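Structures incoming, each one as structure tokens.
Presented sequentially are two complexes of subunit A, the first with subunit B as partner and the second with subunit C.
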Partner chain A sequence: MLFKSVLLGGCVLFSVLGCSSQKIDSKPTINIWHWMTDRDPAFQELAKKYETLTGVKVNFELYAPSDAYAQKIRAAAQGINLPDVFGILGQKQDFVSFIKAGHILDLTPYMEASNNSWKNSFFPKALTVNEFGPQNSYGINPGIFGVPIDIMTIQMVYNKKLFTQLGLNPNRPPKTLSEFLDTGAKIRSAGLEGLVSGWGEIWMIDCLASNYAFNIMGKDKVLATIKGEVPYTDPDWVRVFTIFKQMKDSGVLARGLVTMINKTAEQLFANEKAVFAFNGSWCANVYQGMNPGLEYGAMLPPQASDKFPMAIWGGAGSSFVVNARSQRREEAVKFLIWLTDQDQQAYLSAATNNLPANKNSLSKIPAILAQFARGMDYATHPNAWGVSEFSLVIEALDYGIQSIIIGEKTPEQVAEEVQKIKERELAKKRKN
Partner chain B sequence: MKIKDTLENYVFVLPAAAIFSIFYIIPFIWVFKLGLFEWDGISFTKVFVGLDNFKEIFLQDVNWWRAMWNAGYVTLIALTFQNILAFMLAWACDRQIRMKNFYRVIFFIPPVLSEIVVGMIWRFIINDIEGANIINRILAAAGLPNLMRHWLSDPKTVLTTVALVHCWKGFGWGFLIFLAGLQTIPRQLYESARVDGANAWQSFKKITVPLMIPVTVLVAILTVLGSMQAFALILGLVGGEFAGHTSVPVLRILASMRGASSRFGYACAQGISFGMILVIISFMQYRFSKKGQ
Partner chain C sequence: MQHALYYKSKKFLINTLIHIFLISVAITCLYPLLWMIVSSLKTQDIIFKDISLIPQQLHFGNYIHALKEEGFGRSFLNSIFYTGFSVFGVVIIASLAGYAFSRLRFPGRTALFYMFIAAMMIPIPASFVPLYVLMNKLHLRDTPIGYILCMISAGLSVSIFLLKTFFDRMPKEVEDAARIDGCSKMGIWWHVALPLAKPVLAVVVIFNALNVWNEYILALIIFDSRKFMPLQVALQVFRGEFVTNYPLLMAGLTITALPIIIVYLLMQKYIVKEITSGEVFG
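Showing the complex of A and B:
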């Protein structure tokens, strides 16, 4: 009886502890984790091509949706079990945490080899989000830590057919905020929806808010606010919040916008129910899939002020980093050099309708992508600012703007609430 | 011989004890320990902050308490509306009615569906822009156009809408447990009562209700635990926290775990606090029901 019990216990322990296995493969294999569902078939194709060329097997593993992927990467980092190559979703602070924990290889020597040949092949702004300059506020040694595989800009798009229907010029989208607001009444009377976006998922709200902040007060004052030198109750910030109230009052925002997820916003725009959308350049691929005949154009968010230029978020769309602890890091870097070369980038762009990160691959992209690419001249990105806002402040700002849109709070109230949280977080930081 | 027996007993207990410790006890202690640190979830360095995270949750975090309030509101509707509906339907199906097996199957379909799927289905049913706008159409057809609303994007209606969809999804569990409870009541009791001249209402009040109290307590505890922890349904239905109007504790914990400068230690403290609150509520319910009995 005792023997049977010991045997049973042993079996259970064996089954619990013996779950892991390791594949033995004679070919060198580079493991890559990513979240990009739309790009996975193209990645698999390129992996096959690379194996034929070099004999090195590349194993792309897709984990979607992006939230699940982000958690998987975080868990793998905690268990020091990251793959050879992976991408980091999140903001600069997340990137910093991974670098500080020693998970990410500094790619500067590879980028600068052969007279900066790899580095020079990219759009400079695509590299900025993966780069840390001298004396950066994060305490990271200067260098380039990630490889952009495509670029993106987040802009507005407008439906040309609906523009004609509304009596607007389809070749001249609104340039100023007042022109934009004027379209609200026409849109409402035609029974259409105005601007759609994924504002239920909130981060796109602070994206547009920061666009207007740059336009109204300029980059220096925005960064000074993040550093805590300018309060959110400053009249310029109240003006930024007021823009959302004006948009709501004019009827230019779609109904239910504050609970809209981006997938829904994309459906509404692709199905020609909405006149405007605020979306990233990845939308070209989405709209192509939903409605290949959709006639639309890209435009910058209409200017609210002529004091400073309008800025939009842009730069590296998706980036890969190399695991500093990987035994195959040299092979991984070689693969990334190949992946970001002109031909592979052109293939990726054609197959996925994304903007290539390699500037030499831009010559043969569709017209709508070229419009998005022109937006790179106005592009900026929080990851390139060198300072990061507290996550609780960003959350308060996003929720505050949602409250303005649903008529629950005034811009002044929101400004005060955001500033209160900012002061609390600054005090906490000083204490630590 | 006695030692051998004792040893043998321990060996039998060992696998269960090991699994329980590995998957429950150790993670709980580990999460509590992490709750005492300021940690981003990635770095190897964690800053010990003692009970600061817990202090912040209980004394400063307005969003957390708003989320608790919202979850409490959903739970209150589930405890009343959902459970009364479940009880009435179970009571009806316990009697000799036609097609009662068909109803049993139908009522059990919503609970087995994924919360996200239910959220998305109801989003489509309710939403007036992207969906079928069925509720507003019914109201218009019934001559009540003044009651038409943007149910999911109006702060005044969104939480009640969420709570009602949650009830629709959850009442099947209560229905099944109530039905099982009703079937354990001996039929002779009802027959004796009828012989003694009791009418249906008196039988219900004097036999069904007292004998169903233990089952009702069980359903109430399960409803509280299920409703307070609901979050996937909200993501499917509303897409997020909607300026705090649909915040619930689990969404707050998720918000602490992700985003820039994520606060993994704080999220752990939130998880522990939330767990303790639920344990206390369940314990109070149990004690209260014991007293009632």
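Showing the complex of A and C:
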């Protein structure tokens, strides 16, 4: 009897739960899915503001962590249940597959309307990641398919308080490599650490190496190297590798840098134990959490040559796309135009410590973020080069630089080793 | 005399080594738990500055902040609800199925059982997209019942396997005696098999409760509405893209760990009982 009652009760409850009706909202509602936990409160605030202004309800739904979000988006695409606006995580190839499946609206007509007013409000390089040029290798019709809501750059930061302590001018960070190397001795004698970075997670090494490669030999020669037309044993490349030896010899690099993870690097810099850090603009957010009183400034990596401008990695941080099948796509585009307008961008930037995608917002955001954002003038990114280096070559380059720093190999040896791997990979590619 | 001293010393030495080993294992298990609790009482900047296990100031407010975080309390209740119903469903279905596979003779019994066993080999993440599509077609996406059914389904294969193995060892004489007393097949399952299976049921309950309580990826995929999200999803609010709010996350984790520790404490007596008694049927 008891068993039957429990079973019956369970069945009734299940039925009630299964049949619960969904509340239908009479207001027009734009549904947006995202994974950005730290930006969610600001998004909710902006959604309220937009509803007050236009009467259109915007429903931001947060699905974190990002890997679970990526799975949800893929599942929703399979079930044709994507929301009106969403973000795509992953490689450019994932983005392409969504466009090819007809899930993403081409935003070019909206971007180009009113004399390109929407398009021109963004940092040009922020659009690169969402843009497909004529005759792109992906077979996508040329156009802009995503809206950047913020940007990021990877630069150096320096501690102003420690600069004063070392007798350096806190308002004038080193501009040239020699000025930077000169600080090494002072840093060591003061018992501090120099440059910290997540070089244990090796990609940040080739980021700085490619910055110097652009500065020493220019973009064309770097791309020619990737295409296999210039060898890594070229004197300019040896010079790039030598910079890391010079940094190590001058004492400007922190001890244990080769195996340091970025979290440790951030902790050391935030706790005022390191004078310099090489990090992404997201560090503003991290340092704020670790040490709200930290006084620091952003700077470009010090120039090693006057021949070419310094380059840093940067581009769109997070982007939204509009569901091409959505019945509310026009309203969704209108909302995105509003969201990326300078006032909303300034609010998002100040509330979340991210850099705005709208270049007209800089005067309204905190100074440190504006410094990072100005770096966009020097920004480049491997995704925008149109050619990509073999992963084994990048790996050899990163490990090689690590070997130089720990004194295991000379820059010339590393150059030769990297070139050998490059030739091997090129030969494999030709065979295939 | 010398022999006695030798054996005493040997015993002492072995015991000391065993205790050192056990203490180190215990420390390894307990340290993360202790760190979690201690960190939940610190502030964000103190966590990065002071690594000691005894904080100078205790910030119990982190617990209030975590509980006040939007949706945390509701998600807590959701998790209790999903865990309770999923475990109940698994226990009922798995014990019935396990008993049927063990005792009833019907065509395709072995093939069907092996199908269930084969399901154990499929990792849950591999079935996310098909499950999503299925729930969508059944109009059960974004409903608690859809999620509960998925979780019951995920827990069934292992539970059926455990219970079938247990019922296989149950003496037929016990059933015969119940049958003579007038019990039906369902009666035998309810009055005889289930009470005897308490130790295995305890394992099934703990295993499935942990499974459902800690699950969040399927919940994120099945649910669109925030109001249905379980606790593990709510905890992600404290983990930013670049910054994690460790004090609130640790406070949230401590709150999250409590119910599952209670379930374990409630169920462990049955498991210990079986281990200490050696054999249930004898």
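FYI, the second predicted complex is superposed on the first by the 262 of 432 C-alpha atoms of A that agree within 3 Å, B and C clash if a C-alpha of one lies under 4 Å from a C-alpha of the other, contacts with A are read in each partner's own complex, and residues count from 1 in each chain.
In this text, a residue touches a chain if its C-beta (ideal position, glycine included) is under 8 Å from a C-beta of that chain, and two chains touch if they have at least 3 such contacts.
Keep in mind that this is a model prediction, so the values were computed, not measured.
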Per-residue touch tally on subunit A - higher for subunit B or for subunit C: B
Which superposed partner A:T233 touches (first subunit B, second subunit C, both, neither): neither
First, second, both or neither for A:E389, with subunit B first and subunit C second: first
Which superposed partner A:G256 touches (first subunit B, second subunit C, both, neither): first
First, second, both or neither for A:D94, with subunit B first and subunit C second: first
Partner chain in contact with A:T37 - subunit B first, subunit C second, else both or neither: second
Which of subunit B and subunit C A:Q78 touches, first, second, both or neither: both
Touched partner set for A:Q267, first subunit B, second subunit C, both or neither: both
Overlap of subunit C and subunit B interfaces on subunit A (superposed complexes): 13, 71, 74, 78, 267
Touch list for subunit B against partner subunit A, complex: 4, 7-8, 11-12, 14-15, 18-19, 22, 38, 40-44, 47, 60, 127-130, 150, 152-155, 158, 238-244, 255, 257-263
Subunit A to subunit C touching residues, read off their complex: 3, 7, 10, 13-14, 17-18, 20, 22, 35-40, 61-66, 68-69, 71-72, 74-76, 78-79, 81, 83, 267, 270-271, 282-283, 285-286, 288-292
List of subunit A residues in touch with subunit B within their complex: 1-2, 5-6, 8-9, 12-13, 16, 67, 70-71, 74, 77-78, 90-94, 97-98, 100-103, 193, 200-202, 254-261, 264, 267-268, 273, 388-391, 394-395, 399-400, 402-403, 406, 408, 424, 432
Subunit C residues touching subunit A - in the complex, by the definition given at the top: 44-45, 48-49, 85, 88-89, 92, 125, 128-129, 132-133, 136, 140-146, 148, 186, 190, 216-217, 220-221, 224-226, 233, 236-243, 245
